[in-house]
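Listed below are the structures to be examined.
Two complexes come next, and they have one chain in common, subunit A, joined by subunit B in the first and subunit C in the second.
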Partner chain A sequence: MSLEDIIQETKTFYCLDCGKCTGLCPVSRYNPAYSPRVMLENALFGFQDDLTYNHDLFSCLTCYACSSKCPGDVDYPLFIQKARALALDAGQHGDCAHSGTVQSLARLMSNPGVSQNRLEWLSDGLRISTQSDTMFFVGCAPYFEHIFDFDSGAIDAVKASLKILNHCGIEPVVLPNERCCGHDMLWTGDVETFRRLAEHNAAIIKEAGVKKIIFSCPEGYRTFKEDYPKYVDIDCELQHISEFLADRIAENGLDFSEVKRKVTYHDPCRLGRHLGIYEQPRKVIAALPGIELVEMEHNKEESLCCGTSAFVNCDSCSKQIRVDRLLEAKATGADTLITSCPKCQIHFRCAMTNKGEEKGPDVEIEVMDLVNLVANALGDGHNE
Partner chain B sequence: MSDAVLVIGGGIAGIQASLDLADMGKHVYLVEKSPSIGGRMAQLDKTFPTNDCSICILAPKMADCYDHSNTTILTYSEVKEITGSAGDFTVTVLKKARYVDAKKCTGCGECTEKCPAKAPDLFNMGLGTRKAAYLYFLQAVPRVALIDQEYCIRMTKGLTKDGKPRCGVCKDVCQAGAIDFDQQDEEITLNVGAIIIATGFDPYDPTSLTEYGYRRYKNVVTAMEYERLICASGPTGGHLKRLSADDRDPKTIAFIQCVGSRDLHHNKYCASVCCMHSTKEAILANEHDPEIHSYIFYIDIRASGKGFQDYVARAKKEYNVTYIRSRVAEIAQDAGENPVIWYEDTNSRQVKSMTVDLVVLATCMVPRTDAVGLAAITHTALDEYKFFQTSPLAPVDTTIPGIFACGYCQGPMDIPESVAQASAAAARAAEIVS
Partner chain C sequence: MSEFEPSILCFACNWCSYAAADIAGTSRIHYPPNVRLLRVMCSGMVDAEYVMKALEAGFDGVMVAGCHIGDCHYISGNIKAQEMVTRLKKLLHILGLEDERLMLKWIATSEGPIFAETIKEYVEQLKKLGPSPFRKELVT
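Then we have the complex of A and B:
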């Protein structure tokens, strides 16, 4: 794809050069060198090298804070996604966080010969089957469990999701040879690896013969919904677990025990601005007896990003964005910050591990995935 | 065949068209939906680029229009049905009950004074209240009171146990005996040869631009609200102050351009008058209080009319107005209820924030919500934005022969342009009814 093609596809020529994107961008607030408007300006002037050799090309969080309010409806995150592929062709890439482990794992998984020990976490009476029409997509949580030197909470969220599904009478298919959905590969420009992962997943899902796939990870959900159709056929109904839960609660209610918490909800970018799902998670929270939900200053469409995406260019700017978000959560008086994304949870928890740094004030708040909140309220204290 | 003309909408455009036709000896029926003629211009404080007092130059035209021997002004009225064709239209008009006899009412305001029921003051853009028995505004034409049946105690609360009405103070105090609770809506049939549509615009509601915090933050107001706030006959008597409880006089004001205009998510078009009206409003602020510093956030300043560029230059030089090239990204609020503006200064390429005392949103202007209904009644076509459709070489002709459109109802324009179009529409209508 040439720069010209990218400009066409993302409607960059509609740019009014107004600067609203840059004013809204969480990165630009801390990194004065970064301006989405100027990136587009360079593209429109045809200065391809200024784009591909710009380190900040990988600083964008692809959070859609800019494009959701862009008067010209320019799809800037898509522009970034495609421009990164150009950059990769030119041998440029971002700084990979966590020593590039996440990226390496995704590339490893794209090798069809690799066999994984993916289901080790399955225990505690959680039930799966090979016959169900419904599949649960696990994603990278089993790997996250071993990458971080703090409790990422990712696998607990997977267990909580299964517990919820079991409670609702569903023993889903969970595939032992499932692969990373490829989200991070696609968004860092490695389209080839992404395509291989997508093809693999599409093939095993077809073989499993399921009709519906439920996700607790919004990145997997977004990728299957928006990106897979351009590469592979997935003939299944797709649902985020917050949608599944909201439907269940509306249909016949679920029996929850009392939850004595004051919580605030952080909209993950992929679930919120990417897919427009704001209400379902809030409905699920509101259905828990005794709970109090308070909103942060920036919520729903205006929600702030957790500060890193695709595990690239995680720097002091990312840390600052996170600390600011945590402070916003704290300012509501809530005791728990609920999110609906394993990566948001990881990034927030990570920010709270390095205390006393120059990067921002210490802030302490419990961070929890929505599915854990719900699973805990379903009794038997499995995930307490 | 009829040699009368129907004008729908009594803003500056409708008034001018009516006056021209009446002066030519044609009979004009002017149907106005609100209780008074005057339109948006009556709500403005001053007008650019001359800073004339808006109501002072409008009021004589309103009076002339009403007093003219060739006009019949039907206020608080709406067109319900139109049949026939050019030269011979039959029009059904619904004249809503005012519950006040127009022939008897002297406009003394005694009923308004004593009425105990309050209602939001729509003429003042909902800032402040008025009474259920009210005059639409101080200089209303006709100067006839009316009773708002939605808020009138007598009309909403029913009878007491012993069968008596719960209020009637207005009727008791009216010396002229004009209050008439039994008045009914009236249907009037008119025969006209030509029709002029001049229904104007509504300001776009900026609530859906959630990033600007309108309604969430008290010190973020719309330009239309600002015009009322700074106007001597407005809700604060022309004392420009913040809407937060501190009542403080603003010293820094930010004007945000293109709110809901030139935006694919809202209205695609440029509303065409906002660059100038914000410049005017910033000048007026400084005239009220020379300590006031205003900032106008713009994408490009569209000062393309006669004397407009000079006006902008004067604002910079003489009235402490700074222009900043940026479409504002977000408005937050600090602990003192001061709006905090986030933006990229696209000239210096820097992201900045600025704390101000008051924010004024230059919202887009959109066709009246009932334009669609009126288009159906008149069988005329609307364009993609729901403005009445006209064509470049017949700029006041709608798609139906004998029906013309002028002023903001057919596209963005300022007062002088609306007046010019009104005269053009009058001339076109006169050709048919001569």
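Then we have the complex of A and C:
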């Protein structure tokens, strides 16, 4: 795809040069050298090298804060996604965080010969089946458990999701050889790997014959919903677990025990601005008896990003975005920060691990996945 | 069909294992030619990324060789290597790779014969395991 095609596809030529994107961009706030407006301008002037060899191309968080307010309706994150593919062709790539393990794993998983041992976290209390119409997409959580030197909490969220589904009478199909959804590959420009991963997932899902897929990870959900249809056929109903829970609660109500917490909810970009799911998670939280939900200064459409996307270009700027978000959460007086994205949790937890002399402001707050909050309240007594 | 010949990438520490390989060479100790040595200044500088890249490139086995614990030229680099390997092995296990595909071995400068022996054993082990699922035919 040439720069010209990208401009046509993402309607970059509608740019009014107003600079709202740069004003809203969480990266520009800390890195004045980065400007979405200038990026687009370079593209429109045809300065391809200024675009592809710009290291900041990989700094974009693809959080859609810019596009949500763009008067010209330019799809800047999509523009970035495609421009990164151009940059990758030119041999440029972002700085991969965590030794690039996440990206390497995705590339290795795209190999057809892989047979993974990805279900070892399954414990006796969790019931899965091979016959159900409903599938639960686990995603990268089993890997996340071992990549970071702090507790990522990703696998606990998966267990909690299964517990919730079991409680609702669903024993979902969990595929032993599903691959990474390819989200990070697509957003770092590696379209070929993404296509291979998508094709593999589509094939095994077809073989499993399921009619509905439930996700606890918003990135997987977004990728299946928005990006897979461009490459493969997934003939299933897709649902995020917060949507599933909100439906269940509205239908017949679930029996929750009391939760004595004051919480605030952080909208993940993928679930919020990408897919417009703001209300369902809040309905789920509101359904828990005894809980108090307070909103942060920036919430819903105005929610701030957690600071890194696709594990590239994680730098001091990302850290500042995170610290700001955590301070905002603390300012609400809440004791727990609820989110429904494993990666947001990882990034927040990472920001909290910095201790010692130069640790900066106190950002310690308990971070928890929505599904953990719900699973704890589902009647087995040990809720806090 | 000819017998499967595994390819191995060995990250060898400049201060011990690489010197050990040198000793093995100058002492004319034979060891299989399946290994490619990559000299690094310390086993502690071998990042998980390097190992993953080696596997992506199609090596059947990756070996990280450093100084014995307590002997590191930079005091604690080998402890870093040990932590990296322990964590990475868990990831590779989930990915479906056998434990032996990544090996950590301490070889001191004087242990040339041990270096040769280690490579011999490793090649045998990998022959039993068969090719890696990511194997590509490398130029030999």
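The criterion applied here is as follows: the second predicted complex is superposed on the first by the 374 of 384 C-alpha atoms of A that agree within 3 Å, B and C clash if a C-alpha of one lies under 4 Å from a C-alpha of the other, contacts with A are read in each partner's own complex, and residues count from 1 in each chain.
What we mean here is this: contacts are C-beta pairs under 8 Å (C-beta built on N, C-alpha and C of every residue); 3 or more make two chains touch, one makes a residue touch a chain.
Here the structure is a predicted model, which means the values were calculated and not measured.
On the superposed subunit A, the positions of subunit B and subunit C stay apart, so the two partners fit side by side.
Shared-chain residue A:101: touches subunit C; no touch with subunit B.
In the superposition on chain A, contact is made by A:146 with subunit C only, not with subunit B. In the superposition on chain A, A:114 makes contact with subunit C only, while subunit B stays out of contact range.
In the superposition on chain A, no contact is made by A:129 with either subunit B or subunit C.
Residue contacts after overlaying the shared chain place A:257 against neither subunit B nor subunit C. Of the two partner chains placed around the shared chain by superposition, subunit B is the only one that A:35 touches, whereas subunit C remains out of contact.
Note on the superposed arrangement: subunit B and subunit C approach each other to a least C-alpha distance of 36 Å.
Touching subunit A in their complex are the following residues of subunit C: 47-49, 52-53, 55-56, 87-88, 90-91, 93-96, 133-134. Subunit B meets subunit A in the complex at residues 209-211, 258, 262-266, 299, 325-330, 332, 342-346, 349-351. By the touch rule above, subunit A contacts subunit C in their complex via residues 96, 99-101, 104-105, 107-109, 111, 113-118, 120, 142-143, 145-147, 149.
Contact residues on subunit A toward subunit B in their complex (touch as defined above): 14, 16-25, 28-29, 32, 35, 37-38, 69, 71-73, 297, 300-302.
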